[in-house]
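Shared between the two complexes below is subunit A, which pairs with subunit B and subunit C, respectively.
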Partner chain A sequence: MSTVTDELATSDPAVAGAIPHSRSWRRLLVRHGWTIGVWVLLALLIVWYSTLIPSFGSFQMASIAKNSLPLVFLALGQAVIVIAGGVDLSIGAQMVLASVVAARYMDEQPFAATLAVGVGVVILLAMVNGTVGLIVYTSKVPDIVVTLATSFIISGAALWVLPSPGGGTSAGFRAMFTGSEFGSGENFWPPIVVIAVSTTVVALVLRRTRTGLSLYAVGSDSTAAYLSGVGLRRSKVTSYAIGGALAGMAGLATIAITGSGDPRASVGANATLNSVAAIVLGGIALTGGVGSVVGAVAAAIILFFLNPILSAMKFDPNTAQVIQGVLIIVVMMIAGLLERRRRRAE
Partner chain B sequence: MSNDHDTEATIPLLEARSVAKSYGPVVALRSADLAVRPGEIHALLGANGAGKSTLVKALSGVFPPTAGEIVIAGDTVRLRKPSDALARGIATVFQDPALVPDLTVSQNLALTGVDESLVTPWLEQVGLAGLQRDLLVREIPLEQLRLIDLARALAGDPQVLLLDEITAALPADQAEHVFGIMQHWRDRGRAVLFITHRLAEVRRMCDRATVLRDGRDVASLDPRAGSESTLIEAMLGDEVVATADRTERSLALDSQVALEARGLSSGDKVNDVSFQIRAGEIVGIAALEGQGQERLFDLLSGDRRPSDGEIFTEGKPLRALSPYDAVQRGVVLVPSDRLLGLLPQQSVRSNIGLPLYRRARTWLGLDSDEPARVDDAIERLDIDTRAQRQVNRLSGGNQQKVVIARWLATGFRTLLCFDPTRGIDLQTKRQLYELLRELADDGAAILLYTSELPEIPLVCDRVLVLYDGKIVAEQDAADATEESMLSAAHGLGVSA
Partner chain C sequence: MSSQVSVAARPASPEGPPPATLATRLVDHPNIVLTGVLVLLILVTGAIEPDYLSISGLRNTLLLAAPLGIMAAGQTILMLTGGIDLSVAMIATGAAYVAGNQSSSGAAIAIAAGLLVGLLAGSANGVGVGVFNVNPLIMTLAMAAILLGLFTAWTQTWLQGSTAVAPFIKELGGGSFFGNRVPYNVIVWIGVTLAVVGVLRRTGLGRLIYAIGDNAVAVRLAGVRTWQVTIVVYAFAGVLAAIAGILLAGRTGAVDLQLASTFLLPSVAAAVIGGTSIFGGVGTYTGTVLGALILSVLNSMLTFLDAGQAVQQMIYGSIVLALAWAYARVVGAR
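This part shows the complex of A and B:
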């Protein structure tokens, strides 16, 4: 038998042809189609919005860019955690904690001191949430349960730090995120640069470094990742720590926009839900391992942007909420149908 | 070739001393001794559930053994994670490739910290020179993933290569690539631990064999001495080994056509395939890897709609929108990946009873015959129900029986078996084939694809050879030989 197969092995065209083949540009388009689609949708919405309101200029651009900052950071953080196979229901509470800590210790301080406090807040949040990741890993309790519990703890801690709205920050700190010392102005470049830089950094870390790839790997197939030499505990802690740091950034953006701290838990709870909606709309699979943070950022901006659009269309805020929910479902349904058609065509 | 005289003197590269592993009360490995010496290809043999995979995992650092010690090149070591074993020159290619599905091939290599330029020559060696590295792993067939995993392992230049079932479902020509590499490793004075169910491969390639039975090593022998049945006896112990002789079956020529395909096509995978299977007939599909057999079974089982052509059951057209429609018409599938069709966390009973749940009476808890149907199926298939609680604790062969038992309990007319014996030990394999014959005698129509070509004439009545999505030959099983099927399967035409 072996002689027969030896002969055949040398002259077999079928096997070489069996290696999957497809053109790289088409593959890139399919693989990144969702991300591209979300950005196109955002562009279309901006164009449409500009025709809806009497005057559209740099003030509106700046307003949209800076006001979407907190959600952009939260979506980035949630994206990192979900890609690594977790989910963080406390991310909004962390944002609140970060903003009140910042408001309390930045109040009446010069720019340099507020900057130092800002860095400290981000590190603090990374450590707090890294610990949460460690708890999730060690306890083997599902992420959703642990982070729901920690969201209560963190919300309570925020009230300890700042029992009622107040505190403040320096004018320079506000300008850094918003482009204006008063939190609102015509200069739209600073918030856009902040969005672009943070998105690029997170995306590059995830896709180009071994640590980032290990997060994707753990979310996609933790057994295969483990057998490939990825440390599961390390990945869990890393993803939660990055998520915490980005929640800290969201808190800093919040105080830069509003100028003071607001410890109410409802702010955080809403923000958490929006962060999950943003990553789902941005094409990140809740099962982990799939999706790009670039899409999640566009989706976060869209989710924020729906508010001014719907109010420009003269919907009352309650109706606007319903419409927002319906839109998310419709978009996800269309996506599901497209995916099924593509599978069938293959 | 190894030098049998001086191997005893050299220090083994990898040694297991009384290694045991249990998960709570479940004992997977009682006590295993194994010594892999430099310059040898060492076979690890045993029936399913004997503890082979457990031993391999302990040796490669997936989990620490409950008792015993692992010795690498004379040093007793504690392996806490897979990278510990890798760092000591023990590289493993697992049965399920350790490649992350949502990352590209390149990203997977970067993840392990392997230099891609070191992998490239080995990819060429295993016949994957044309592989696009920016493909996602999930887009690549399993057989090629095993080879990519092998190439990645080789790039680390390991002292000992552990290959767990790497040749299962690998077409003959690609298996030759693997054998070449194994020989190369032996010739360099290193070692290979080779796990396979194919005894012909063991006798051809291996210098020594360690046999596991019920979690213990029961023999260490030269596989070339004696015959295959020596190995089988060692693996199965005192149990009587039934020989798989082909018994002539007479088929009533006027029996009804149970399943018919007319001009079936699907994209470029399946092209104008027509055939009939009559009740009581077992038809085999012989094909090399990737000739459209997967797609053909997808079409017949209702998982996918054909782009052209029609399927008939008992003369009536079947336009299935999902496998549910096909099951309703008595066409059921036994896939090669057992767990694909099972609920691994559920009990054997509830897995078998699952399709019965579509009946409202079962659903309401009023169904009186459900326990009886399930008992009947379990008994008929001789399923090992010691692991009552969860299907994922069963061995592969028993899981496959659960799949068949489920359809027995549900009732069917046509059974589609896609490589049902992949990675299953000889004894269970025989039981499965006997079962298929029994089912056919009772009037079932069976379509069987198996990657183990020699088995087709033993089980089937008729063979269809598939090449490039088309049926290129039809042979009576009595006349079909491995050579005649192979040459047809390579698209060379039937010489016989």
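This part shows the complex of A and C:
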């Protein structure tokens, strides 16, 4: 939460105070304006939500934090792939595959065994999607087409592993992600820590390591990156493998929340939609090379958070879905108009 | 190696272009390769299920292929401009619902009402993409979510119980003539094919569609109001999706919210297999027609294999991927 208050302060010129500092504040605002804006919006929504419902406490905090986990992981994975110049329309199917593999092999197992299965699932998904990245690079077929085809293959594989909803996991594993052995409770720290740690790790890898910077370089101009010595095959495979590993984490979070696996492909398709919407709302350009995963995480939480807000406002689920879609379009329209005005001004 | 060959060939060149080998001819006309793939798939399917190689077997494939081909027509036009529409399946379902709802007031009004749904949703997509520069992927995904929410809510209110379909639409979507050999929906598909090919090849709009996909900035600087073209093509794609939805409703004889959902990915895949570039500017509708036929035969084949849904999906995805890969190699060799 402290990051939110820090950013609230930065948007307030009075707090910026001293003159020597004002320029760097302004620079921060210009460079990270969209990211800061999304976090401020999330903070405002939480404050507003707390006035909407009769009692807002740790149970609600825990519920919001844990239920937004799968989408946060998917948005992180999609963000890495899109920043490197790709797009993955199978990421939701991968989440479903990860959750059903986990559900099948974690069922009735002790905590240590479920942990080992969890690590295995993440590695498996990284390898599967790394292979998809290799296919994209080798075949020269556009990312969107390859991942559309692999989304069929992966959801077929999920159905093959677990033909009907079922399976399970250990109580300790559920507590690790949700803070409760039954998947819902008052303890909101575990999910918030999971979100904070994974966001920080991915952001640091992207911004501070050679590999991460090379992903930005390839996404913004692959020819220039290639000419300055960045391996295109390597970055494609790396970005897809990281995306796959994060989709695996999303699958693990799903089974920790629900306690069983669900192989339906429609779950995956919907999750893919939300992951793409989250990163675009979070300020990442679908053309690649632009944006930060920090904004995408806030947008992912907001996208999930709209559901409880709209239901607290007494909208039925169908109307809520319509409003959510309209809001996404309106935000993107405003962003499009701002972009056009900025380009005219230049 | 290659330079030596060209030197050796030079003396012959004044007499005309070097003789086309079979390989270069195939590379220049990928549709020949696609037709070969189609025939091969039909024969393989016939080997699995001998009854398939009959009038009724092929008729069933055509019955499947027509709605897919019509939906893929809209997708092809959009992909030529560099766009994409992931709301076609929901537009088709919505159009089918509204057409079913209006069935009591006659087939003409029912069909017109259904097409109106496609026109409205498609135009909204076009305004978002063309005027407000929203990314087409986001715009149409959000549109699909909005339509799903609206129609789920409406099936409990004014669309309640409108799952039956007018007899004429039933005949159009599922019936056949000429001694039960040729389905009626193929007539609609042929009409759509003529219209789409005609627009793309013979009209200024067709040339603009290719030009925008090739270089939108250049087209705008040349004085074209590209946003108007964008709105028109998205509206057109919406209407085509609505036609496909009405035909689907006629074939199944009933409407539900999942009516067209299985057609979304194949509509993109048909265009891609048929050689339309997802980045715009390259492709033909005749290629997409072949792509739609190939996917429909593949569907029949997987049904005959009786391998279970999981294995079917995996084989389907693998073959789509293999075809797209092979196509990229053939075209890349040019």
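Methods note: the second predicted complex is superposed on the first by the 310 of 346 C-alpha atoms of A that agree within 3 Å, B and C clash if a C-alpha of one lies under 4 Å from a C-alpha of the other, contacts with A are read in each partner's own complex, and residues count from 1 in each chain.
Methods note: a residue touches a chain if its C-beta (ideal position, glycine included) is under 8 Å from a C-beta of that chain, and two chains touch if they have at least 3 such contacts.
What you are looking at is a predicted structure, and each value in this text was computed from that prediction instead of being measured.
Of the two partner chains placed by superposition, only subunit C is touched by A:S139; subunit B is not.
Once chain A of one complex is fitted onto chain A of the other, the partner contacts of A:G231 are limited to subunit B, with no touch recorded for subunit C.
In the superposed pair of complexes, A:G289 makes contact with subunit B only, with no contact to subunit C. In the superposition on chain A, A:R27 makes contact with subunit B only, not with subunit C. Using the contact criterion defined above for the overlaid structures, shared-chain residue A:S220 touches subunit B, although it does not reach subunit C. When the two structures are aligned on the shared chain, A:R210 is found in touch with subunit B, with no touch to subunit C. Annotation: subunit A has no residue touching subunit B in one complex and subunit C in the other.
Those residues of subunit A whose C-beta lies close enough to touch subunit C in the complex are 87, 135, 139-142, 144-146, 148-160, 163, 265-266, 273, 276-277, 280, 286, 316, 318-322, 324-326, 328-329, 332-333, 336-337, 339-340.
Residues 84, 128, 132-135, 137-139, 141-146, 148-150, 152-153, 261, 265, 268-269, 272, 277-279, 309-318, 320-321, 324-325, 328-329, 332 of subunit C are the ones touching subunit A in the complex.
Taken together, the subunit A residues at the contact with subunit B in this complex read 1-2, 4-6, 8-9, 12, 14-16, 18-22, 24, 27, 31, 210, 213-214, 216-217, 219-221, 223-231, 289-290, 344, 346.
Subunit B contributes residues 62, 81-83, 86, 92, 94, 96-103, 107-108, 110-113, 127-128, 130-132, 134-136, 139-141, 144, 171-174, 176, 200, 204, 267, 288-291, 304-305, 467-468, 482-483, 486-487, 490-491 to its touches with subunit A in the complex.
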